[in-house]
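Pasting the structures here.
Both complexes shown next keep chain A, but they swap its partner, so chain B is in the first and chain C is in the second.
Let's turn to the complex of A and B:
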């Protein structure tokens, strides 16, 4: 019968329309600014720089090795290395960035900088409401704007942050053991052969 | 905005005649050349009515062109007698950029080719590099790739059918139903890869992060609910008389022309040619799964619609098997480094059956850290080359539907 297919289709729409009053499954719209969906844990928007402790510059993990600057596909990271050094998380003297800018109008959120960084210093943020009326300066984030605490990192990517912390602690323990082993070895003139092990 | 080149009333005689004559000359010459080379072309269309020929530029900012794409259409009344596709508005220099950057750095750019199917783009590129460098992919990673590729196929086909209906004037409903399902799949992608569309997930020799059991459970639930959605979608559309009238017999493509023009994907299979790289190439681990290849009969818009719907059903079958069999194990080849990746000199062509057709990457390495030559074989662009053959003799409104049935993404057409 002509029109049968149309009626069948209309039955489906009617089912969905009526169903939207009773079933979550069929009412999929979210009224965005008032209602919000939870952000997925793995979600990524733009990178930020992690710092330990409470002081953003002192605790910054980045050592200005410039690997991320080199590997970033659209080349939107600008780094200037410091002349002097400061201690990093294991207490080793390292350089730090005197300038670290990311142009988020160019950044394509690909996460390659995060993957290549050997120091767990740069991670992906989940904040997405970044609209600004300043097209140039407002979208060029400097190192202070990029610096976020490790606690913040834990709050947005809990699983990943715990893994990273475990890895860093392990390294720290290793470094301390090595330092301890090296200290008596240096004190006692003939180096103990067991001192090599940690 | 379309620009209309109407011919002023006072001079209509001379310019209209001139235009008609010029057109018929060029069409006859083209048809003559095709006949000489033994091509099977649709009949030549010459202007019939005395009102003259109207040349209309549909696009580049026409809502039906799925992006910035222009069709220069010559119409005689409502009938299309010539059509020239013009692309390049979205050219982003992808290939040349890739030749200047490291192999890994091109991976996020491949997401932006066909932005509906970033995961299959990733796979095709990873496959080409793996061939070039001789990298083995662990078993679990292969399963993850198949799962993601088939999910991508489902969401692409659902969206493609939704957009086709949108082009036909069914504004909203089918597209929103398709998007509702697509959204669930994109949520899965976001949970795993961090991004809904620009996934940047595959790496040479494996995948970036491992899937968790919770993710697999969620995927299983989604796949279990998928046949219900397809049933609903089909009840809404397949036997709808308006859809049948608008689609059946429209934009028919002959199998020999399709093969000669290099058309692939659902468009080729709708003409009845049994060619699917998953069966032909057995890339990845597709030979382990049982699935069928849906084929069409007439090669018209309706067959293309049907083939896509059936491919969703088959993708669900593959997903069921893959989600059941997925083994534990590593997801990355331990020998492949992320940085300082330099394959030996040589060349390779990696191709997969992307949702839109054969997607291939051709790479030449000179031993350096970036490819010497990088070339993409984009399925939607090559499928678009037969647009004129499908449109000749149909109405302008049908052109929109035929273009919708090709399923193009301009990011891939123009690169």
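Let's turn to the complex of A and C:
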């Protein structure tokens, strides 16, 4: 009969209306600023720079190779390479960024910088409450604002960070073995050029 | 005491007016009535927007607004301030005067239709002999303002929305008038206070409201459908189909002009609910004879708010119709059924009182409802769509 479906629908909405006052679990709303859902581990917002140890500049993994700057589709990364060098995590002398800016008003969170980085130096952050009243300076993050510790990385993406650490340790062991293999050879061979000079 | 409360607004008005010289008293009394209407209904509108958002939220298992003030009660104030402080944008190619006049015409005509509604015993602003006619004349003016808004905006969405709105309102005005005519046939008067007086009797404790008679029930149903369509409410809110034509005729309106359209829409809802209540549900009369001590104006506003709640309930339940479905429904079902109701009302009027006329009228209307409902929607075959050219 005409209107049967309407009556069924009206009964359904009436049930919802009354039920929402009786059982709280019907209400799917999360009252955001007061209560919040846990952030999913795989979530990503904007990139940050990882540093090891306690000192942000000394432990920064970035070597200013500028691959991410070149790959960034919206071109939101700006890097200036240093003139001098500092040792990286295996002790090798590397350049470091004197300037590393990301304009998060331009960034589109594509994660391409993370994919291309050969040094595991740039990762995606999960912080999303980045509203600011200064839309130019406030959204242009410099290297100090971007630098986050490896512990922080572990706290937001535990699985991924452990994998990265394992990989880096492996490389470190390899590098050490190589150095060890190279050391006796260097010792056995007389430092000819040096000796020659003397 | 009860009689004093029943007439408290009238007594207050008379007391205020008696300070003036006698020659000014009628005009001052009318002015006070106008002030009352202009103050009460926008206030009710503010409350209704909140009620609607809360109610719809609960129907969708949400909380609804709960941030501004306790339980979100100050939300209408925040909305009003927002509307007032927004920039009033007029499109470059728009006809400025028409663009300004359209919302004003709409609000003014809707307010004027309140003049003939009896909101309580002796509480009508103008006791017009042809009050119903005046009401519909004012209601028809909203079509004018809608088209003014759509045409003057010079925007294709506005004009499409206005054309849809006008087509819809004219289509549904016919059954609405016809179902009101049924009441006029029985009550024998176009004056709304007289229509209420005709229903204000009781058998035992039950009232003689027209909605409790077979013809009255049918007419009330058709009136309700037509009223929902007339006020552009869901499921008949095609003039504002967001997915197709942005916001219809008020696409190009912002700030307080938009707020006026919004106000007019809700005022139209109140006016039509008030008319429906007056015609079919006994206006200000109490639902049981032992409740007559409660002031008549409380009953009127309680019934109007009940009707508004049904409007909101409908909106929370039904999806929007398509334009052809809307027109089919108006011309193939609502209009013929209203004509039949008119015929049955004539039977009721001329059959001798007794149980026979109840049976005859009920059977005719019920059978017609089932048969016409089947016939009107018989051709609708739901199935996979077939393509003639594309493959």
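Following the convention adopted for this analysis, the second predicted complex is superposed on the first by the 176 of 198 C-alpha atoms of A that agree within 3 Å, B and C clash if a C-alpha of one lies under 4 Å from a C-alpha of the other, contacts with A are read in each partner's own complex, and residues count from 1 in each chain.
Everything that follows uses one rule, which is that a contact is a pair of C-beta atoms (placed from the backbone, for glycine too) under 8 Å apart; a residue touches a chain by one contact, two chains touch by 3 or more.
Just so we're clear, the structure is a prediction, and the values are computed from it rather than from any experiment.
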| item | value |
| --- | --- |
| Touching partner for A:14 - first (chain B), second (chain C), both, neither | second |
| Partner chain in contact with A:57 - chain B first, chain C second, else both or neither | neither |
| Chain B versus chain C as contact partner of A:127, first or second or both or neither | neither |
| First (chain B), second (chain C), both or neither touched by A:27 | second |
| Touching partner for A:40 - first (chain B), second (chain C), both, neither | first |
| Touching partner for A:109 - first (chain B), second (chain C), both, neither | first |
| Partner chain(s) touched by A:166 [first = chain B, second = chain C, both, neither] | neither |
| Chain A residues touched by each partner, larger count belonging to chain B or chain C | B |
| Partner chain in contact with A:2 - chain B first, chain C second, else both or neither | both |
| Which superposed partner A:177 touches (first chain B, second chain C, both, neither) | neither |
| Touching both chain B and chain C, residues of chain A | 2-3, 6, 9, 12-13, 16, 28 |
| Residue ranges of chain A touching chain B (in the complex, touch as defined) | 2-6, 8-9, 11-13, 16, 28, 40-44, 67, 71-73, 108-112, 115-116, 124 |
| Residue ranges of chain B touching chain A (in the complex, touch as defined) | 101-102, 104-109, 112, 173, 177, 180, 183, 187, 190-195, 198, 200, 208-209, 232, 235-244, 338-339 |
| Of chain A, residues touching chain C in the complex | 1-3, 6, 9-10, 12-14, 16-17, 19-21, 26-29, 31 |
| Touching residues on chain C, where the partner in the complex is chain A | 55, 58-63, 313-314, 316-318, 333, 369-370, 372-374, 376-377 |
